[in-house]
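Below is one structure, written out as C-alpha cells; comments come after it.
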Amino acid sequence: MSNPSQSNLSHINSQGEAQMVDVSQKTPTHRQAIAAGQIRMSQATFAAIQVGNTPKGDVLGTAKLAGIMAAKQTANLIPLCHPLPLQKIEVNLIPDENLPGYQIRATVITKAETGVEMEALTAVSVAALTLYDMAKALEKSMQIENIRLLSKTGGKSGDYFA
Amino acid sequence: MSNPSQSNLSHINSQGEAQMVDVSQKTPTHRQAIAAGQIRMSQATFAAIQVGNTPKGDVLGTAKLAGIMAAKQTANLIPLCHPLPLQKIEVNLIPDENLPGYQIRATVITKAETGVEMEALTAVSVAALTLYDMAKALEKSMQIENIRLLSKTGGKSGDYFA
Amino acid sequence: MSNPSQSNLSHINSQGEAQMVDVSQKTPTHRQAIAAGQIRMSQATFAAIQVGNTPKGDVLGTAKLAGIMAAKQTANLIPLCHPLPLQKIEVNLIPDENLPGYQIRATVITKAETGVEMEALTAVSVAALTLYDMAKALEKSMQIENIRLLSKTGGKSGDYFA
Amino acid sequence: MSNPSQSNLSHINSQGEAQMVDVSQKTPTHRQAIAAGQIRMSQATFAAIQVGNTPKGDVLGTAKLAGIMAAKQTANLIPLCHPLPLQKIEVNLIPDENLPGYQIRATVITKAETGVEMEALTAVSVAALTLYDMAKALEKSMQIENIRLLSKTGGKSGDYFA
Amino acid sequence: MSNPSQSNLSHINSQGEAQMVDVSQKTPTHRQAIAAGQIRMSQATFAAIQVGNTPKGDVLGTAKLAGIMAAKQTANLIPLCHPLPLQKIEVNLIPDENLPGYQIRATVITKAETGVEMEALTAVSVAALTLYDMAKALEKSMQIENIRLLSKTGGKSGDYFA
Amino acid sequence: MSNPSQSNLSHINSQGEAQMVDVSQKTPTHRQAIAAGQIRMSQATFAAIQVGNTPKGDVLGTAKLAGIMAAKQTANLIPLCHPLPLQKIEVNLIPDENLPGYQIRATVITKAETGVEMEALTAVSVAALTLYDMAKALEKSMQIENIRLLSKTGGKSGDYFA
C-alpha cells in the first residue's frame, strides 16, 4: 500500500486502538527514573525571580511542589499509564545564569512492575508550567525546552542513560 | 544587602508566600489563548508513528485527547490558577518531517475574568508527554521542545502575540 | 471507496480526530436534563436491600451520594464534555418490586452555554454501579439496564423528550 | 417489627452506615474481572459511526480511552472501593449490526487483596457514556443496556462466571 | 414517637436522603467567606518550624499552597457542595507564640449563586493537615483546633459575622 | 546568625525546599492509624440532627461517606504524602450530648512502606467539614475541634499512642 496514512490507520484498526500494556506477568522491582528540562527567559525576568520580585510570590518553591504533586497525577493525565505507588519524588530547579533561566530535574522511585519515566517527565513539565504561571506577569515569552529522560534503571528491559 | 538569595527570601517572607491573584473586580470577557510546542524524535520513530507501527496503538489520537482532558485539569495542576469554565479546547499534532517529529498546537477559549494561557500550555505539554508515552518503547530519547505561548487575546491587559 | 471502515478512518483523519464543540458563541441559558436507568436483581437481593440486610451498609443512600458526586466529575470522565457549573443535582432510587430492582433517575440543572445530558446520565450510571458494589457480596449477576435520556430542555437546539 | 423500611433503617443504624470492607488480612493474588454492556441506537446512527460521519470525531477510539481512564478513577467514584494498583485495562467496542449498536467489553487485571469487578464495570459504563456523548448530536435516544459482570477470577471466595 | 433515632431515620427516608440545594433560581452575586483555625504544638516544635529546622522543608509555604489548592477541590470532597468558579483564595498562617502554634486564616471570593463557606473552611483544614504532615516527624501530638467560619458576606440570606 | 527568620529561610534554601521522604528502602508492613476530632454546635442544632430535621438530608451518613472518600484523596491533598493502597477506612460519628455535638473517629489500615496518619486525620477533617455543610443552614457557628492522632502502629519507628 503506497499511502502511509492509510496503512497507518488500517493497522491501528486491526489491532484495536490504544491499549494499555499488560504488566501482570512482571515482577515488581525497584525502579528509578530521572528527567530534566529547562525554562528560558529574559535576563530581567531571571533577575526578578532570583531576587524574589515576583507578583505571585515564591516562584521556585511553588513550582517544585506543583511538580511533586503532578507526578502523583500521572496515571490520571497520561491515558495508558499504570497507576503506581511512588516511594520518592524529588524535583529541583537550579538557576542557570547562562540560559538565563532554570534547569529542572525530577527523580521518581517506585517498586513496581513498570517504570516511572512518565512520572518524572510529568513532574518536570508541570514544574516548568508552574514557573511560567508564577512569572508570566513579568514575561509571556518564556519558553519550556528540552524535556527529556536522563535515565531509567531497574526494569527487566535494561537500564537507559541518555 | 549584597546577597541576592537572602534578599529574595526575605522579600517573599515579608509579602507572604505564593498568592492567587484576586480577579473578583474584573469583568468576564471572551478570551482565547494559543500555545505551541514540538516533540523531536529519530527518523525511524517518526516513520513508525506515521505508518501506525507502534506497540500501544493510536499515538496521535491518544495524545490529542490527553491534551484536551489535561486542559480541564489545569487548575488542579498549577497551584495558583483559577478554576474556569472552558468553552473550547482544541489540540492538534502536525507531522513535521524536517524535525522530525510533531508540532503541537492548542487553542483554549473561555468567557471569564482571567485568561487561559495556562490551559493552552498545559494541553500542549500533556499532549507531548502522552505522545512520548505512546512511543517510548520505540525510542526513549525523544525530546519535548519549545513550549510557548503564541497568542493571548481578550483581556484588559491587552493582547499578546509572540 | 467500498470499505466502510477505511473510509471511516480516512474521514476522521482528514477532519482531525476527536474535537470538543466550540460553545463560545452561545448564550448561557437555564438548562435541565433528566436521565434514567434501572438495576435488575434477584428477588432475594431486592428483599435484602429493602430490609437493610446488606454487608456494606446503606445501599441506597450511598448510591445516591455517589451519583451526585459523579455528576460533578463528568467533564473529567467524558473526554469532550465542557466543564460546567452545576446548580442542582438530584438522584433518586425507587424500589420496583416487579423488576425486581431499582429505578434510578437523575436531574441536573445548569445555567450554561451547553446542556447537562452527560451529567445526568453519568449520575445514573455511577449510582447504579455503586448499588452494584454495595450489594455484590449478595449477588454478582445484577444487571444495569436502559440508561437513557428522558428529557433535555433549555438549549437553542430545542427541547427533547424521550 | 412489621414495617420493612423501619427495620431496614434501624439495622443500618445499629451497624453504623456504609462501611468499607477490611481486606488487610487477605493475601494479594492475581485477579481478573471481565464486564460487558451494549449501547443500542438507530440504524442511521450506527451507520454514521461505522463510516466515521460523526460531528465530534473518532467515536470508538475516544470511548475506548475514556473507559480505560475511568477504570483508574473507580475508587474515586465508587465510595467504598479500595484504591488498587492496576496492571492491565482493556476496553473493546465491537460493532453489532443486529442490535444495531456496539458491544462493549472490559478486562481489568490486578495483583491485590480484593477484586476488580467495579473497575471493569466502570470502564464499560464510561465507554458507553462517552460513545453516547460523541454521537448524541445524531441521536439522543441511544440506550445503554445490560451492563454486567461476565467473570471474576483469582480471589479466595472462588471464581465467578455469568 | 418516643425514640429519637427512629423518628430521625424515618424522616430522612420520607424526604429522600441527602439532597443538593437547588440554586438555579438565585442570582449570582459577589460573595466572600473567611474561615479560621489553629494548630497547637509544643514549644520545641514551634521553635523548630520558626527557624526552619524541619525534615521535610518549608512547612508554612507548603501548608499555604495546599490550602489554596484544596479550596479548589471542595466540591469534590464535600458531597453536596456546588462546583463554583473561584476568583480569589488566600490562606495565611500566622505564628502565635502564646499558643504555641499557628493561626490559620482563609478568604475565598466568588461570583456565584451560592456561598463559599465550605471552600474557606476546607482551605483552613487542609492547610492545618499539611502543617501537621510537614512537622509530624518532630511531634505527633499536634492538635488542630477551632476551625470555624468568621464571616460570610454577599448572599441573599444576609451577612454573617461570628 | 542571630535572626531566626533569616536562618530559617537560608536553611530551607540550602536544603532545597519541601521534599518528599524517600521510603524506597523501607519494607512494607501492616500499619494502622486512628485519628479523632469533634464538632461542637448548639443544643438546638444537635437536637435537629439527632431527629433528622435537617434541610439537606442525612447528615451523619453523608459525613461518614465523605470522610471515607477523602481518605482516598489524601495524597492529592497533602503535597508530600505518598500515594498508598488502603485496605480499610472506617469513619464513625458518635453523638455527644455533653458537647453538644459529635465525636468523629477514623481508622485507616494499609500494608505499605509508610504510615497512614494523614489518611486518618484527613478522613476526620472532611467528615467534620461535611457535617458542617449538611447542617450549616441551621447554624453557622459550629466549630471543628481537637483533630488529633490517637495512635499509629506498625512502622519501624515504633508505635505511638496519644
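Think of it as A, B, C, D, E and F in the order they're written, each chain with its own count starting at 1.
Everything that follows uses one rule, which is that a residue touches a chain if its C-beta (ideal position, glycine included) is under 8 Å from a C-beta of that chain, and two chains touch if they have at least 3 such contacts.
None of these values were measured; they are calculated from a predicted model.
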Where subunit D and subunit E overlap in contact partners, by chain label: A, B, C, F
Topological distance between subunit B and subunit D, in contact steps: 1
Subunit D against subunit C, contact positions shared by both copies (same if over half, else different): same
For subunit B paired with subunit E, centre-to-centre distance based on mean C-alpha positions, whole Å: 31
Distance from subunit B to subunit A - Cα centre to Cα centre, in angstrom: 12
Residue list for subunit E, restricted to those that touch at least two other chains: 5, 9-10, 12, 16-21, 58, 61-62, 65, 69, 73, 76, 79-80, 84-85
Residue ranges of subunit F touching subunit A (in the complex, touch as defined): 16-24, 75-76, 79-80, 82-85, 112-113
In the complex with subunit B, residue positions of subunit E that touch it: 30, 60-61, 64-65, 68-69, 72-73, 84-90, 92, 109-111
Of subunit C, residues touching subunit D in the complex: 4-5, 7-12, 15-21, 37, 50-53, 55-58, 61-62, 65-66, 69-70, 73, 76-81, 117-118, 121-122, 125-126, 128-130, 132-134, 136, 140-149, 152, 160, 162
Contact footprint of subunit F on subunit C as seen in their complex: 58, 61-62, 65, 69
